[in-house]
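First chain written, first letter: the chains are A, B, C and D, and each begins at residue 1.
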Amino acid sequence: MPWTKVYSDRSEFDLAVEKDPALRGLTYRDAILEASTQLLESDSDFFILGEGVDDPGGVFGTTKGLAERFGTERVMDTPLAENGITGVAMGAALAGMRPLLVHMRVDFMTISLDQIANHAAKWSYMFGGAVNVPLTIRAIIGRGWGSAAQHSQSLQAMFTQVPGLKVVMPATPYDAKGLLVSSIYDDNPVIFIEHRGLYETVGHVPKELYNIELGHGVVRREGADVTIVAISQMLSEAIKAARRLSNEGIECEIIDLRTLLPMDKGIIIESVKKTGRLVVADTGWKEGGYSAEVSAVIAEEAFDLLKAPVQRVALPNVPTPASHVLEAAFYKGENDIIEAVKRVVR
Amino acid sequence: MPWTKVYSDRSEFDLAVEKDPALRGLTYRDAILEASTQLLESDSDFFILGEGVDDPGGVFGTTKGLAERFGTERVMDTPLAENGITGVAMGAALAGMRPLLVHMRVDFMTISLDQIANHAAKWSYMFGGAVNVPLTIRAIIGRGWGSAAQHSQSLQAMFTQVPGLKVVMPATPYDAKGLLVSSIYDDNPVIFIEHRGLYETVGHVPKELYNIELGHGVVRREGADVTIVAISQMLSEAIKAARRLSNEGIECEIIDLRTLLPMDKGIIIESVKKTGRLVVADTGWKEGGYSAEVSAVIAEEAFDLLKAPVQRVALPNVPTPASHVLEAAFYKGENDIIEAVKRVVR
Amino acid sequence: MELDTTVQIELYKSMLRVRLLEEKVVELYPDQEMKCPVHLCIGQEAIAAGVCAHLKSDDYLFSNHRGHGHYLAKGGDMRALVAEFYGRTTGCSRGKGGSMHIIDTDVGLLGTSAIVGGGIPMGVGAALAATLRGEDQVSVVFFGDGAFDEGVFYESYNFATLKKLPVIFICENNFYATNSPQRARHAGSRIADAALVFGSTGICVDGNDVEAVHNAAGTAVEHARAGKGPMLVEALTYRWKGHVGPGTDFEAGCRSEAELREWIDRCPIKSFRTKLIENGILNTETNNRIAEAITDEIEEAFQFAMDSPLPEPSDLLTDLFS
Amino acid sequence: MELDTTVQIELYKSMLRVRLLEEKVVELYPDQEMKCPVHLCIGQEAIAAGVCAHLKSDDYLFSNHRGHGHYLAKGGDMRALVAEFYGRTTGCSRGKGGSMHIIDTDVGLLGTSAIVGGGIPMGVGAALAATLRGEDQVSVVFFGDGAFDEGVFYESYNFATLKKLPVIFICENNFYATNSPQRARHAGSRIADAALVFGSTGICVDGNDVEAVHNAAGTAVEHARAGKGPMLVEALTYRWKGHVGPGTDFEAGCRSEAELREWIDRCPIKSFRTKLIENGILNTETNNRIAEAITDEIEEAFQFAMDSPLPEPSDLLTDLFS
């Protein structure tokens, strides 16, 4: 399946195209732009709103040109009023639209958490299913170049602890498109988190509109020795780590959950049955982060399969520092994954 | 030590007083009121603000009479503007005051998460320690009588995932007073969460102002078979469960963490060394909740000690329903703890 | 502008229906069978009645914790409302919501939020949806003077005016948020004036005069439906009962009895009834007939609720997602 | 009211110091040694200079992502600022903050938030602290027209007016938030008018006229210090550079070059210099001497920064708590 393959860089993809000319290459950024474009073309209930979505830059390119083409009513710039605008988007969803609200950085969503967690997430349940909230919120994780504490957070765990939300974090262009489409057509609020570090990655993306059912992870690499659950941008770090570990005779099985909430526990447990070891590599903080839930739930449901403690590769318990020296010390990557694997594979 | 004892009801405390007349009984509510009163008396930098703190009811009695006695400048009612007022409190803290901001329900803090998580929590680190934020925020967990989805949440995990915060959840009157004092004198932002269900509980509380160092749990009951980490209101459920289990020959060791962040891992690990089994009973949601972090971190640091998977007794993954029938099904209690213990003690 | 007599009678009925329902709640609440907080709107009925009289059943409505009156005035099903108080599966929220979370999508009521201010932006969003679809629905948000404290009000009002959305902001100013008086929370004194900042119009009206409310709301609804954007209607009123529950605030020592008495003297229903009778539009007999019909409806609704099944524990996990 | 010549010279120096520092950043940024986003305030210098001239070093200041000018005008240490750009341990935030997070507690600058609007309530809180202690400090918050979109502005302004706190709200209206023009975000057109809702006073001033800013700020500071509460000063201005970084928006296709040219013609520094020279307060020689002194300070600051040590990786875990 061409779409399960992750290409580490453009040249690798170009090589693949030589072998299979049917492969259609698109960046992660363009995959999102394409999904958005096709949804605007095909569904009049769909619209986009957010700060700067009509900007010439187009939210790092992901909405570029859409306002010109579809008009500023359907691709609507908004005031900087995150809580209010989230409520507006939710109200539109309640009244039958399928809004896509876009944030340049997930950090700004702390301002709108009330509308998200107290309202959107609860509205269906609280009213006994009388209504539903088909709202999708895209948000981007910024990183690097001194973005510092308020512009670099990876806040998925703020959402994965809220019953009533779905949380999606695609790691490939193929998934970015297919999962965005599914999120829009999901009748429930979906938080769709992208990592800026993935925007340039290239992969196969079919031209037509397609869905990827939410809630299903995928095995990115098979291996018998250890399972690595890698989230978002950590997938490529895990792949690099796995290659190096393979040279030392350690074979990693890599799972990309794609949807964090609901969690695809089955795919993890299946893999742990084989490997008996689990490493979770997350872009967020370790303490209280999503990796804690993966660790806890797998321990609960598959304790007897585990030959070693679940290892978490995630951020240390401090805000993001600005200085590049400190950034380098802060972020986790392939080396940390290798270390974690070695702690459990003896 | 009289203060480590948890009295299941007023009559049990009255009996204890008969034996030891030096015991001074106070409710949890009055312990908070007393700490606040004594701080207002002794420290001119200390003040209280929040919605309704000057109300005749006085935030369920915890600020009753303070405005009359100390004036509405130092016990200040505020507009319903949670985000702004949190920023105001933070600014006052930066300028050298020691504010205590009070929320009737922790649910309303979702509105102010930006000021808490993006500002208060990060201000010291982000500025290289040039300033500190001696801000304490009290918030109450509501529960029962159809409070429903937006007035009943137990949101500690929203805070325990934020580096730079401290999170305190006292379970006894003694701790309520001592930890509140310590929180006020901590130079960092502290989220102090009370459970409404504890307000009537009585225990020994010394008259004078005293501190309990943050970050230290306490063993509430000793036992060799299983460790129960019980948070806030779950402590009394755990004690009830332990009594019943004891009749069946199962001895539980009960740990009250008191401070959730930073977590007192040492006290848990010490206990698990003895018992090899761990149950975490939390008032919050299970999925993505604080119990996940306890589970994950103990598995990481004490895997070889664990004879069985860590069990979490926590809320199912739905918002709080209103109907009393559903409330009864939703909340966890002694029976659930007993079941969890029996799953691991064979 | 004097209203048509049929409209007057409808307004009267609408107010009375709310009043009698709330009084029934006061009567039965001590039985502890309605196991949820109730925020009663006795004294404030003219606002719900006066505003909703202008709305079609597909116009949108969003309300807050004090929403019984809005629900009924918009045409919501009384049986489902009462059943919700009793936590039954036949409740409008199938027992999941309680009195603070009521809904009737058939009449455009898309929910009530118990987070103060929470419903305001949603009302704007529903208006946006109507605009994007080119339909002529309007959207109404009811909120209190307490919600005016919250930044989200300004964010919502700015956006609605900017985009000229068909939404009407109805602020029920009963001068208190819980026990905090308006002067302890607002630097300004006239809420309606806030509209000016946005180049929009605010109207301050006697919220105990149902015809005045009806007039003001009519202007605002017309304005909105014509695509001219929102208006802010501030309706001055008073709640007779405590913030929550069937007691009164003076009994609880939160305010003076004299203040309450003054407002009871200005009862929106009594004064309107007097006027209608004086003008020969209503007589004692018709009035009794109206009251009886409502009382019957209420009796029937409570009976329905009490006869309805409670949820099964297994219902706990349903309705999270649709 | 014509200002004292020493004040005029100080204002001129203050503006020039900011301008030349920012131009140095423009010059050196392409070397990629300042590894953090920089939000330059070239074109807006008159506001920082005009406002801060009234402040004592223990008056409080809070600012935003575009804070270099505020930092310098309040008397912040230039070396520590530049070292922060370079991520050094000698930086004002010890390398943890970068250009968006600068602080100098010695002169009352208690930090800058890169969350739009985030600093506003803190400024109010510092004013509250001064009031509670009975001290006479005032507190100033700088924010952009973008922050005026956020509900927290209203919440903060309402509270400050209600409690008559000594805080001055300075809105630097450069007509854009990133690339979004004011008209795409605000239903109203005059930010200063928002003060009226709260029964407070707003002043709209030419933000490129340092004396006008100085006057307006003087009024507001005096008002605040006298215990009369806040004022809202809206200063109209323009940023010459892109939202972030040393480029320009017209090169990036975000707005017209003509618009920029118009505003460059209204350069706050050039026009003030011309006036001072015409009035005989400044001559070319003094001007050069002033510029040289500043240039020397800047050279020295950059040298200091580049010579300063980078943090150790182990510094990562310090400063979380104090």
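Just so we're on the same page, contacts are C-beta pairs under 8 Å (C-beta built on N, C-alpha and C of every residue); 3 or more make two chains touch, one makes a residue touch a chain.
Please read these numbers as outputs of a predicted model, since none were measured by experiment.
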| item | value |
| --- | --- |
| Lowest number of touching-chain links that must be crossed from chain A to chain D | 1 |
| Centre-of-Cα separation between chain D and chain B, whole angstrom | 41 |
| Inter-chain centre distance, chain A versus chain B - centres from mean C-alpha coordinates, in Å | 33 |
| Separation of chain C from chain D, taking each centre as the mean of its C-alpha atoms, in whole Å | 46 |
| Shared-contact residues (touching 2 or more other chains) in chain A | 78-79, 81, 83-84, 107, 111, 114, 118, 125-126, 148-150, 163-164, 317-319, 321 |
| Sequence positions of chain D contacting 2 or more other chains | 91, 93, 95-97, 101, 113, 115, 118, 149-152, 154-155, 158-159, 162, 184-186, 320 |
| Chain contact topology (line, ring, star, complete or other) | complete |
| Touch list for chain A against partner chain B, complex | 83, 107, 110-111, 113-114, 117-118, 121-122, 125-126, 148-150, 157-158, 160-164, 261, 285, 287-293, 295-297, 299-300, 303, 308-312, 317-319, 321 |
| In the complex with chain C, residue positions of chain A that touch it | 44-45, 47, 73-74, 78-79, 81, 83-97, 99, 114-115, 118-119, 123-132, 163-164, 166, 187-188 |
| Residue numbers on chain C that touch chain B, as the complex places them | 35-37, 84, 87-88, 91, 93, 95-101, 113-118, 146-147, 149-151, 177-180, 184-186, 252-254, 310-317, 320 |
| Sites on chain D touched by chain C in the complex | 149-155, 157-162, 184-189, 193-194, 196-200 |
| Chain C partner contacts - residues on chain B that touch it in the complex | 51-52, 55-57, 77-84, 107-108, 111, 145-151, 316-319, 321-326, 328-330 |
